[in-house]
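Take a look at the structures listed below.
Each of the next two complexes has subunit A plus one other chain: subunit B in the first, subunit C in the second.
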Partner chain A sequence: MADRSMVPGRGLLRDLRRLALFMVKRILALFLTVVVGVYLTILVANMGGKVDELRRIQIESTVAEEVRANPDFNDMSSQERNEMINERVQLEVDRLNLDEPFIWRSFDYLNQAIWLNLGRAEQMSSDRGSRDVYDIIGERLPATILLFGTANLLIFFSSVFIALRLSRRYGSPADRAVIGLAPTSAAPAWFYGIFLILFFAFIAPILPAGGMVDVPPPQGMAAYGLSVLKHMVLPVLAMFMSQIFISIYSWRTFFLIHSSEDYVEMARAKGLPEGRVERRYILRPTLAPIVTSFLLMLIGLWSGAIILESVFNWPGLGTLLFEAIGHRDTPVIIGGVVIFAYLLALTVFILDILYAILDPRVRVGPE
Partner chain B sequence: MNRWAEGLYQLRQYPSAIAGALLILLLVLLSLYTVITIPYSQAIEQWRGGEVWERNPVNAGPVWADRLTGGNLPATQTVKTDESAISSKDFNGGRRVSMPLTFDYDADGFPSELNVFLSAEYEETAPFVRLTWRTPDGRTIPLGNHQITGDRRISISQDWDLQRRLDALPHVGLFADEPAAQPAQREVQKGTYGLQVDAILFEDDAELDAELVVYGQVHGLAGTDHQRRSLLLALLWGTPIALAFGLLATVGTTVTTLVIAAVGVWYRGWVDAVIQRLTEVNMILPLLPILVMVGTLYSTSIWIMLGVVILLGIFSAGIKMYRAMLLPIREAPYIEAARSYGASNSRIVMRYMIPRVLPVLIPNFVTLIPTFVFLEASLALLGLGDPSLPTWGKILNDAQDQSALYHGFFYWVLEPAVLLMLTGLGFAMLGFALDRVFNPRLRSI
Partner chain C sequence: MSRPPLLRVRDLQLQYRIRGGTVRAVDGIDFDVGRNEALVILGESGCGKSSLAKALLRVLPRNVHHFGGSVQVDGVETMHYSEELFRREVRWQRISLVMQAAMNALNPVVRVGEQVAEPLRTHLGWSKQVATKRAREAFDLVGVSGDFLERYPFELSGGMRQRVVLAMALVTEPDLVIMDEPTSALDVLTQASIMNRLKRIKRELDTSFILITHDVATSSELADRVALMYAGQIVELADARSFFSDPAHPYSQMLMASVPRLHQRERPEHIPGEPPSLADPPAGCRFADRCPSRFDKCRQAPGMYEPNEGQQVRCWLHAAGGRS
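Moving on to the complex of A and B:
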């Protein structure tokens, strides 16, 4: 300790070096997990190659239909026509690389997926008409981030804030009410969503039942923003209702445990103001677990997005994935899951860095 | 053992635990009742829809909801031939039979549909039937003539000619008091109605059976859906399915996760490392997208879904939590004692390490069950429910597809939702109370 205080520069440098080493290690480990996860996804999505067979049959029937429906080919003999069909099928098969064995294509898929080179969609296109999976997903991602970001930040900050207040008034009616209401979080957000739609869109029609903006979209930034805001109220409220009580409950318990630590009692005994005790003596040492649980909550909500988005018809990543599965559009499915995996990995990585910064034990580590 | 008894004793002091346990008991009893009274094969068969339900109205709400709000909407009435009222007269080459089907109608609303089911038994020449409607105020309205071959359903509500004559939907026009009034101003006429079935049977031993169904606007305890199926069936059968899915998935995931965590902690080294890395990979795999993928590409069978849920749940984040709990136990003196007298590895893991963390696990276990119940409902809501099973999520999915909320069929959404909510609340309330009893960290507070 004495050594460090005398040469502060060296200590900081050592910390930074350790942090960098730690980060490189974590990035490598996370990258490897992403690779394995994405490859598993590709295996599942391709049904071990069966999707390609199905697709080949589909191509054959589409091409045959096209050739038969085209009046230009009406005077061809059936043999000529069959040759033409075969030729066109082969062309399409070549275009999609369907004649290579699946295992090779799976590595090809993996390689491209890892570099976010997500290829072209087979059936779907983005609203602007692009067939690039990257564009299709890029168009939907902001909607998901907007909705889930808003809801999560709202839930997180209000629950930590309320929990801090409640932990001070342990056993009060408000505290008991929260404990009593905590089990309502057993129901997921879409469940509350259905009720909210019922009440606020049908019984008392004051808010839209789904979608992201009015149809047609209003002109002007302010009007557009207001319309999006109006459409966000119900889904955000649904997430809020399903998460808030359990969140407050667990934070309250957490703060209660930590506010009975000796050093907190000591600070109180010294007569420090309550706000300072909360900030410096309760919140600071517990920051690492708080951040962890925030990011873990994010991870949990990423995957919950599909259902809430499809209940509210919100044009985000979840709805996209569901539509892609309906169209059997393998590149979009893989692209969507890859993006999900990257988002999760990114979340875990941020968690690691924050942990390293917040928790001195990780920073100093064993020599 | 003492600790468990003490825990149970403490549990009795939590009203929420009692309420939760009662709710669970209620659901279990309901499941038992369902499984015993409606055999599985019968439930599946009936839920497929079709003729079984042809005497049910379409989209009728539950009776009690209407009566509670002071309404008096009609329930379905089935009028059969009264044997004593049949008059029969022979003539050359056949028999003239007259069957009056009379019934009292005193509901406040019009029926939702009107069908006559006729079945004839004959050798060669099919009987001929003339239908006449009689209102309480004595008017008669001819409903047409029909040749009855075998079993026949005469859909009076879809008689376009009659609709034109009445200037209203037939089931409204036939029950209206003022035939000349505007369609919107017509009101129900209460009293005794009659459907006169005059038949000519051309053979001596020919038989004719007639049945009039006056479909109501409300039906039974739970109402019906767009395919006339009684929702009660799916609500009842949804209970054991939901409980079984929740329980199996929870047991499958928690038990395997716990065992794997304990094995990793005990053996350390590469076993532990592999388990840790697998857990990290699994954390990155998005559960729901994968389930949706499996559901659309492979099969939506509930067993496959259950299998995938368990597979993906084995290396869940829970492993990290159990690891943290098991690490100090590994170093406990009693484990060292067991090792010194030569207990095998599996004995130490299964008999000495795992039982120690069970009390902490139980509350977790109970609160996990509704998560999986809702997961099953979520999948069904996305249209990935098991195609043959009647489940709560399936009802919600049908309601969503048919825009039930938009059309005002609130019961269709609310009934399964309330059952889901009760299940969720029951297990969560019990689980939270258990958590406070068995979790030593919380007990001091």
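Moving on to the complex of A and C:
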């Protein structure tokens, strides 16, 4: 440590080398995590190969139904017809590679997934008719990010801000009110959603009950945006109601703990103005955990929320994944998980670097 | 008319709210501190020493029940100052504090130089460069190399951090520096070196000190006067010379007898019993239960008596007429 101050050039080089080594190690570790996570998803989504049998039965019955229902084949003998059915089943099985052992295919899936080659959906298609998994997910993503991004950013910033204020007024009526109201978060957002729809869409019909935009969609950017905004009010409100109090409560406790540190008391004794004490002695040292929870909240948007989206008929990722599970459309499920895994790994990597910037104690690794 | 003392404290009270009652941590404290004077406040753990330090700078915890009395700085009453006025006029302008937990008194994510220079920038509005230059001087004063300005607290040893906190208390050259156990977490060599620094600073800068400690031996180096605290009250307030050589209160006598000395034939003695709970202090003399020379009158609370010039004792033995 002493030589760094004396020979800055060499110290910097050593720091950079150490940083590079650290980054390579982290990337490898995170990549391994992604591989394991994705492979586990592949195993689970295919029920360890069980889904193949179900799918084969499904194919057989669908094909048989098609052939029987088709009047063109009515004059065939039953043997001919069975042959034709078998042929078509075989074609479909070949298309889906179902005759290979699952374990081989699972590695093939893994290889494709890791390279973000998400492939084509088996059953589902996007509203524009594309079967590309990218298109299917890409179509739903903006809706989810818009809704959950708005709600979560709103909740995050208002709760951190309010909590910081409350931690100074420990035991005040407002503080006690928040503690008292915290259990309201035991009910999920969709629960509040149902009541909000009842009150504001049916009893006093001032807001739409569901969907993302009026039908038919209004012409013009402004009108379209306004319509989307109107549709967002109730779901955002539902999420806000269900999370705000517990969120304030936990941040308040967090700030209470950190504002009784000795250096905070010292800063007050030094006669620093309260705003500066808050910024520099409470927020600054606790920035690392705050940023962590912020980033994790951001990538949490990716998964959407199945029930809330269903209640508000919101065309987001939550309902998409739900439908994909219903259709046993493994490429869509795996596609969603792979992108989430990569996002998570990227976030953790960014956090590693941010930590080193935010906290000088992290910068100095073991010699 | 003579100048009022630098600090005049009268009937200072600080009570905390706890489950099922209140704790009288500081219970009617009176003392003065003159210019360039070092007052040592002695006392065992839990007698309210640290609460006194915090009360003087008004750094109060959340569960304060009652805070009252009179604190005059240079003859000006500060008790009715608003929080903002007190912050601007008194903290670090007139009085600074070295907290007991000096190891954790530095913000872990801000360079120590900035933290030391901060009061200058806040209170005096100095530019960063000028403030840093002054901080470097303060570092010199406490014996820390100026190179350390750029370091973070975790890069410093315990003794270094203690010195940095001391530099922070001295940087604005306040009239009075309150030090709460400034050396209790350090080894004796570091302690001695810091005490020597303090003596020099007192000589050169004309600063007054209140040194709060339980360490009789170390405190005797710096003390001009000594106040001994027991159960939230001052039981003896005397010149250092007379306190260390001829203590008057039975508690002072037993305390001095418990300090080991070089070339001592008899074993140091201990004081039997425990100090009373501050949540429910006894009605009479608070030391009576442990006092070898207690008598009937000790059931009533004694006042402060002045048996000799410059020596005040809270004990019936020294009341006019003594044991009669």
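Everything below uses one rule, namely that the second predicted complex is superposed on the first by the 327 of 367 C-alpha atoms of A that agree within 3 Å, B and C clash if a C-alpha of one lies under 4 Å from a C-alpha of the other, contacts with A are read in each partner's own complex, and residues count from 1 in each chain.
Throughout what follows, a contact is a pair of C-beta atoms (placed from the backbone, for glycine too) under 8 Å apart; a residue touches a chain by one contact, two chains touch by 3 or more.
Quick caveat: nothing in here was measured; it's all calculated off a predicted structure.
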Broader residue contact with subunit A after superposition on the shared chain, subunit B or subunit C: B
First, second, both or neither for A:284, with subunit B first and subunit C second: second
Which of subunit B and subunit C A:218 touches, first, second, both or neither: neither
Which of subunit B and subunit C A:276 touches, first, second, both or neither: second
Touching partner for A:344 - first (subunit B), second (subunit C), both, neither: first
Partner chain in contact with A:263 - subunit B first, subunit C second, else both or neither: second
Partner chain in contact with A:358 - subunit B first, subunit C second, else both or neither: second
First, second, both or neither for A:138, with subunit B first and subunit C second: neither
Subunit A positions touched by subunit B in one structure and by subunit C in the second: 170
Subunit A-touching residues of subunit C, taken from the complex the two chains share: 57, 59, 62, 87-88, 90-93, 96-97, 99, 101, 104-110, 118-119, 122-123, 147, 150, 152, 154-155, 165, 168
Touch list for subunit B against partner subunit A, complex: 16, 20, 277, 280-281, 283-290, 292-294, 296-298, 317, 367, 370-371, 374, 377-378, 381-382, 396, 400, 405-406, 408, 410, 413-414, 417, 420-421, 424-425, 427-429, 431-432, 441-442, 445
Of subunit A, residues touching subunit C in the complex: 1, 5, 170-171, 261-263, 265-273, 276, 280-281, 284-285, 358-361, 364
Complex interface listing, subunit A residues touching subunit B: 29-30, 32-34, 36-37, 40-41, 44-45, 47, 51, 170, 179-180, 182-188, 190-191, 194-195, 197-198, 201-202, 209, 253, 256-257, 260, 296, 299, 302-304, 306-307, 310-311, 321-322, 325-326, 328, 333, 336-337, 340-341, 344-345, 348
